[in-house]
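Think of it as A, B, C, D, E, F, G and H in the order they're written, each chain with its own count starting at 1.
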Amino acid sequence: SDAATGGDSESSSSSLMKEAFSQYAQYLNDLNDKRERVVKASRDITMNSKKVIFQVHRLNKYNKGEVLEKAEKDLAAVREQHILRLVQELQGTDFWKLRRAYSPGVQEYVEAATLCNFCKGGTLLNLDEINATLLPLNDPSFEPLQINVLDYLLGLADLTGELMRLAIGRISDGELELAEKICKFVREIYRMLTVIAPEMDDSSDMKTKMDTMLQSVMKIENACFSVHVRGSEYVPLLGSADPSYSLLGVSDFDQ
Amino acid sequence: EKLEKQFEDFRNQLEDYGTLRERIRTVATEIESTTRLMYSYLLLVHQTRPIPEVLEKAKGQINVLRELFSRLAEIILECPGQYYRYHGDWRSEMQTVVSLLAFMHWLETGTLLLHTEAEEKLGLNSSEFGLDVEDYLIGICFMSNELPRYVVNQVTTGDYDCPCKVLKFLTDLHASFRMLNLRNDFLRKKFDGMKYDLRRVEEVYYDVKIRGLATNEGSNGDK
Amino acid sequence: SDAATGGDSESSSSSLMKEAFSQYAQYLNDLNDKRERVVKASRDITMNSKKVIFQVHRLNKYNKGEVLEKAEKDLAAVREQHILRLVQELQGTDFWKLRRAYSPGVQEYVEAATLCNFCKGGTLLNLDEINATLLPLNDPSFEPLQINVLDYLLGLADLTGELMRLAIGRISDGELELAEKICKFVREIYRMLTVIAPEMDDSSDMKTKMDTMLQSVMKIENACFSVHVRGSEYVPLLGSADPSYSLLGVSDFDQ
Amino acid sequence: EKLEKQFEDFRNQLEDYGTLRERIRTVATEIESTTRLMYSYLLLVHQTRPIPEVLEKAKGQINVLRELFSRLAEIILECPGQYYRYHGDWRSEMQTVVSLLAFMHWLETGTLLLHTEAEEKLGLNSSEFGLDVEDYLIGICFMSNELPRYVVNQVTTGDYDCPCKVLKFLTDLHASFRMLNLRNDFLRKKFDGMKYDLRRVEEVYYDVKIRGLATNEGSNGDK
Amino acid sequence: EKLEKQFEDFRNQLEDYGTLRERIRTVATEIESTTRLMYSYLLLVHQTRPIPEVLEKAKGQINVLRELFSRLAEIILECPGQYYRYHGDWRSEMQTVVSLLAFMHWLETGTLLLHTEAEEKLGLNSSEFGLDVEDYLIGICFMSNELPRYVVNQVTTGDYDCPCKVLKFLTDLHASFRMLNLRNDFLRKKFDGMKYDLRRVEEVYYDVKIRGLATNEGSNGDK
Amino acid sequence: EKLEKQFEDFRNQLEDYGTLRERIRTVATEIESTTRLMYSYLLLVHQTRPIPEVLEKAKGQINVLRELFSRLAEIILECPGQYYRYHGDWRSEMQTVVSLLAFMHWLETGTLLLHTEAEEKLGLNSSEFGLDVEDYLIGICFMSNELPRYVVNQVTTGDYDCPCKVLKFLTDLHASFRMLNLRNDFLRKKFDGMKYDLRRVEEVYYDVKIRGLATNEGSNGDK
Amino acid sequence: EKLEKQFEDFRNQLEDYGTLRERIRTVATEIESTTRLMYSYLLLVHQTRPIPEVLEKAKGQINVLRELFSRLAEIILECPGQYYRYHGDWRSEMQTVVSLLAFMHWLETGTLLLHTEAEEKLGLNSSEFGLDVEDYLIGICFMSNELPRYVVNQVTTGDYDCPCKVLKFLTDLHASFRMLNLRNDFLRKKFDGMKYDLRRVEEVYYDVKIRGLATNEGSNGDK
Amino acid sequence: EKLEKQFEDFRNQLEDYGTLRERIRTVATEIESTTRLMYSYLLLVHQTRPIPEVLEKAKGQINVLRELFSRLAEIILECPGQYYRYHGDWRSEMQTVVSLLAFMHWLETGTLLLHTEAEEKLGLNSSEFGLDVEDYLIGICFMSNELPRYVVNQVTTGDYDCPCKVLKFLTDLHASFRMLNLRNDFLRKKFDGMKYDLRRVEEVYYDVKIRGLATNEGSNGDK
């Protein structure tokens, strides 16, 4: 191609430049291809994590074990099929360089994993614990993928929305205690994030999520309030502790 | 020349589409107007008019709807395969229709109007011009939104067995919806709202129950 | 699972409902999976069409044949590798149902194909012609994919931006006539679209594109103006028609 | 409890990051301030001060930059692998640095400062703390933006050979950039702008040429 | 010449319009200020002050309003046929006025303030400067928004018959509005909101009824 | 009763308004479609088609416009005094019409189309259904936006006297507008934009002048 | 010369302002961080921790605030007469501080924290560095936003007298604000929001009252 | 009680502020109107009216400005220490005033109007009511924006020495501004724009020079 432009004697610097630019071109092509693969993996992680979340919403006090077992199996599949693809792509500085390409998927995975864990044990799945489950994906030839604090916290913020949906549904099934437990849990997460959120790298996203989170907390609180004041009429009217009334009306449907 | 020719063709095509669309909008507006009328009849159940009387008036409009949908289908079928091209122009009306039919069906039978039943009532032929499943599901969510209000007003007029009946229905319906994998879209949002309908009905049921107002339904082993 | 909820005698309508909902669930799952596959194919079409466009920008009067040949080969590859995937997914009413999922890719393909065609022959590749090139993808078992007018016109609107870039570059290489040809061509497209744009299904997208297009037209016009007034000084000063000056200074570099 | 413990840890981590970031910003501000000074020296070429004099003053600041980048590298290397985490906090300063160095290099040698040469001048070690390729390319585009102004002012003071020299350089540079597959991003936009620089320089070259002002460059077979 | 003459004329016309508009805005601001005062008096009904006392204070401002509207009419009538040209400058104030008058009227009589009655109270002459029908209807919607709050606070202070009374009024009002074929505009949106007022009042009535708090109205079976 | 009567009346009135508005919108859409066609003809002046030929095509549509405006006027005149009630439904179309007529008039005569001339061309009778002054002025601003592009393209085809002619026209027009005391509204914003048109034409004139391309007008020293 | 001298002076002045502003921002950031911590303590009232315990933790930060405000005052007082020049740099932090102090004060005493009391708590000297009245009022509005949530959660834990207490407080506060003639600005918008707090508390009080849960305050009939 | 007393006080204070602000706005509007007039006189320099004639007309308004600023100062001085509280209400008008005075001054003397000179011309007393430095600097930037247009139009009318004169002035001014360490704010943005003015003037100078149109200034080798 140098021949085409004439190739006179002065062109050595010009050909040095061409050579350098062909390297830059290679670099940009590789980077773009990798980014595209990472975006695709992220979309798959998102889609499959969302499915897990929906599964968990099918949970009630009778099918709990079964539903959660299935959900955990599906989460493991997400790791092995899709997060593994991230591990294979992301090396060295890529973790941060391509963060925007994979962040949505990782956040959704965090949301799904923490939701499962809460439903199972009532506690928050820590970042360290979540990262430990990713270690088995490792191949000696790759650096381990570790979810960063920011994506974890952003995922956690979304978790509260799912917990709100769960709480409203649980009240309907008479699982008041679970609803109250969720309420306490979500309040605590909100309280913790209140202190941390403005310290995050770019806090504008998180600010919106904090507002939504407060809305979720208040929806749960209002539901608990409403169950409580309604339940308060029970004692004065009947005067005895009939257990069939104690968990709101629906309890007798699902037995 | 060739360039102008092509754009001239496009212009004609687009104008034809525009005309088609206008025809669709005209029918959609009539559907909307008919549903408004049906809805204003059905509203009378909140004022405790006898259900058969209310239903009769509303049912009178179903034929009008069938007729309108057959006109709509005819228009759409002029362009085979383009059902979804114009879908946005009448889907919200369709959803309202579903919600009304399902409410009437429930008032009459106590069961959910299924997708195929809805198509049947409207005279739709699903292979040609059917009822989109998402529209159907959204319509069902709209119907669910009417139920708490219905229950409250029924209790006010002394029908204390209504909450139990509605609660059973809504619990089953909600459980069925939970089988679906919803994306974060309009349907998901509507479904999320169904939870609140359920809770409100429960509360009314509870109010009635603790006061011992519900009649025999406790005795026959409820559900 | 019916057993879990008690299974009493009244539940036949309830089980009918469950059965119907499992059909709806299947329908939604299939639809979402298909949409996801279509989105992925669309992204691939976009990426590869963009690469073709960039190739075409490397064109000059010496490498024209070579560059365009390569570009056409790559376009064929886009069709055979990626548009084919659309053909396999989209059947019957899907063409319009999933349009939003594949429209960006198809628009970008239109942009690339019409750009190549203009560079080759100086004319607009018609929608019919473009659709004809898609027919060989057909397998008797699938309906043929045909690009619709809207996506074609939206792609055409973007084409004018690329033509503007090309024109500015061509003037630099002294290819004034080509620049003027582009100017006329783009003006004509703009004029045609002026009449049509507001008739399009949702014209708000197109409205923005029309504004951008007018900017592009004016950029080319201003470039032509500037070459013209500058060139006007040539004759009075030198009085003779020295061909080496006639196409602006750069002409002698690239020989 | 565990929950509080984790968030306490996060808080500490985030505060550490915040502190790190502030340290980065401090260095970046100093870099910015140094480039501003260098730029104000370099601006004198537009007022036709002799190039060697101008370059000498500007070069004096390169050591300052080396020192600042070594401080920056030190900070970044405290967190291995997180170069791109804080990239946004100093990349625009880096781009300006590249544009100035490349301009100076061109004034001195008439050739393009290559990526590796830029790293060298700044004492960067690409395996640890290197110059991002996109930042380098954007910086080169910024440099190109200076050239039309330089050419205009040079001609004004009677240097009629400058346009030809710049035009050759810019033509080559533009051709090299055309080898890259750019996405629709900032770099693409900057590159699109380079076309206008090229056109402006051509126009000046033309102005000089038709007036027969360019000296010998036509005779020695230009390029 | 003609051009100058034309722009000279325009200048005068535009200044006249500007002056007129300013005069209108001045009156509108005073109306706004008066309604604010009236509203703060009327708010006391939520704190269960005796209605006659509350009404008396509020009524004192009606004369002020009459006076202001007569000034407004005078301004508007200076330019015959241009009522709607400046309508936007005072219509929102007019709507607020209607809502307050209608609320007062309802507190006093339990009936809806009619359009002609509103004009009368304000001393408007519909052939010259009347009350626009849409403004009237929007004002009525605003009034409806106040009712749920009123009902809640009345029940809190032990007035258990209020919900039934309000429910009847609001059901009728809602039915009347349903007769109108509203376009998709501001009025339609406001009317759609009335549905929520109605539901809330139904809920309160339900609460009262199920607890047997409503007095005799249950006995004569009406509603 | 009176309430029902009132709402019955309202229903009729609102429907009448609705029908009227729809009729207006139908005509307005046709006007818009006609102006689009005229505009696409006028765009040919940029492709240096001979002006008389271009004008002829465009003028052919004026009769269509007259006809449409006479239909519009008829509709509006059915409700005396309500010109401004529906003004918003067709004013933007009117502004476009003014801009096209004024551009054609300028191409033909080199002078500004006066307000009365515009009314005349459209067959409007200002005492009944006239052209609002602000609409006229906004239309003129739109026309001014076309001029820089026109000048650039004319020069490219070798018409070097055009910039001077346009500059005089635009300077005068701008000065005339400055006489008006505009409020901070849409018209003011459009007028502020005219400044950029003026500057662009000045620049083009400068480019032509400095190269000695402008013919005789340079000799008599005026401007 | 004079020009250089002037810009030399400006340079110094602008740098001084910049430094001052940076110092202010540093303190403001620390205030923000302290209020965030206080707020996270106060959030515990929703989890029904005993108020004295919660308050104690939060009060621990007041001294930190006093210290920070004294530093801020010192900085501001370096440039007499320029309080409002830098006001924007710390006013939103000040508003948050007021809202927290007022909430704590109300939890402790059930009364509104007065402006002078707020200044006192923060150790401000109003003649030198006081609390701007609008900042105080905005802070109070923010506090009001916390109350509905507090009431809901208190009732859930069985404190049925809370709604009545809060309602009285908020009704009085709202009435006090109504006395002010607020412009259409940020404060007005915040105040308009207080109405919704009031309604929500009324609703909660209603829920409690209708179930006979409120204890003795119902007996003496006041409110 | 104390609460009422506090709000009573606030009410008075807020009203006082409101009144003050309105008085300020009234004066600011008059200043704006005066500058508009002055600007329309000054615009005539682009139409190559003789400068002395143009300046005379514009200068006639300076007294009006002095009078208005003395009224403004009087108002501001009623509340010592609150200059910056209301600064936002008149600063943009002040900036325009500075730009006009500086332009006039430059036309007359070819030098920059100094800050103290601006204060003097307006009769401001910097210890009481002075000209804010940033407002001055922004005003100067606005003036710089006028210069390219002025140069272009001057060259068009054959004044070929103007570009050189303006270029010197603007180069110096730009260099002076570069000494300032500007924050990332409005002033910085305006200053960044000055670069484009400078480039444009360089281009015009280039055009004149390459055509040998500039007269003697080339001979004495300066620039």
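Please note the rule applied: a contact is a pair of C-beta atoms (placed from the backbone, for glycine too) under 8 Å apart; a residue touches a chain by one contact, two chains touch by 3 or more.
Computed from a predicted structure; not experimentally measured.
Asks: Could you run down the chains that neighbour chain B and chain G together?
Replies: A, E
Asks: Counting residue numbers used by both copies over all numbers at the interface, does the chain F-chain H contact come out same (over half shared) or different (under half)?
Replies: Copies use mostly different positions to touch.
Asks: From the C-alpha centre of chain A to that of chain F, how far is it in Å?
Replies: Chain centres of chain A and chain F, defined by C-alpha means, are spaced 56 Å apart.
Asks: Suppose each chain is reduced to the average of its Cα coordinates; what separation in Å results between chain G and chain H?
Replies: That gives a centre separation of 41 Å.
Asks: Taking each chain's centre as its mean C-alpha position, how far apart are chain C and chain D in Å?
Replies: Chain centres of chain C and chain D, defined by C-alpha means, are spaced 34 Å apart.
Asks: Where in chain E do residues touch at least two different other chains?
Replies: If we look for residues of chain E contacting two or more partner chains, we find 181.
Asks: Listing for chain A: what residues touch at least two other chains?
Replies: Where chain A meets two or more other chains at a single residue, that happens at 5-6, 32, 188, 192, 195, 226, 233.
Asks: State which pairs of chains touch, listing all of them.
Replies: Every touching chain pair, ordered by label, is A-B, A-C, A-D, A-G, B-C, B-E, C-D, C-F, D-H, E-F, E-G, F-H, G-H.
Asks: Over in the complex, which chain C residues touch chain F? Could you list them?
Replies: Residues 184, 187-188, 190-192, 194-195, 198, 218, 221-222, 224-226, 228-229, 232-233, 236 of chain C touch chain F in their complex.
Asks: What residues on chain G touch chain A, complex-wise?
Replies: Listed in rising order, the residues are 32, 36-37, 39-40, 43-44, 46-47, 149, 152-153, 155-156, 204, 207-208, 211-213.
Asks: Which bits of chain C are touching chain A when the two form their complex?
Replies: Within the complex, chain C touches chain A at residues 1, 4-6, 32, 36, 39-40, 43, 47, 62-63, 254-255.
Asks: Given the complex with chain H, which residues does chain F contribute to the contact?
Replies: Where chain F meets chain H, its residues are 171, 178, 199, 202-203, 205-206, 209-210, 223.
Asks: For the complex, which residues does chain D have touching chain C?
Replies: The contact residues of chain D facing chain C are 167-168, 171, 174, 178-184, 192, 195-196, 198-199, 202-203, 205-207, 209-211, 222-223.
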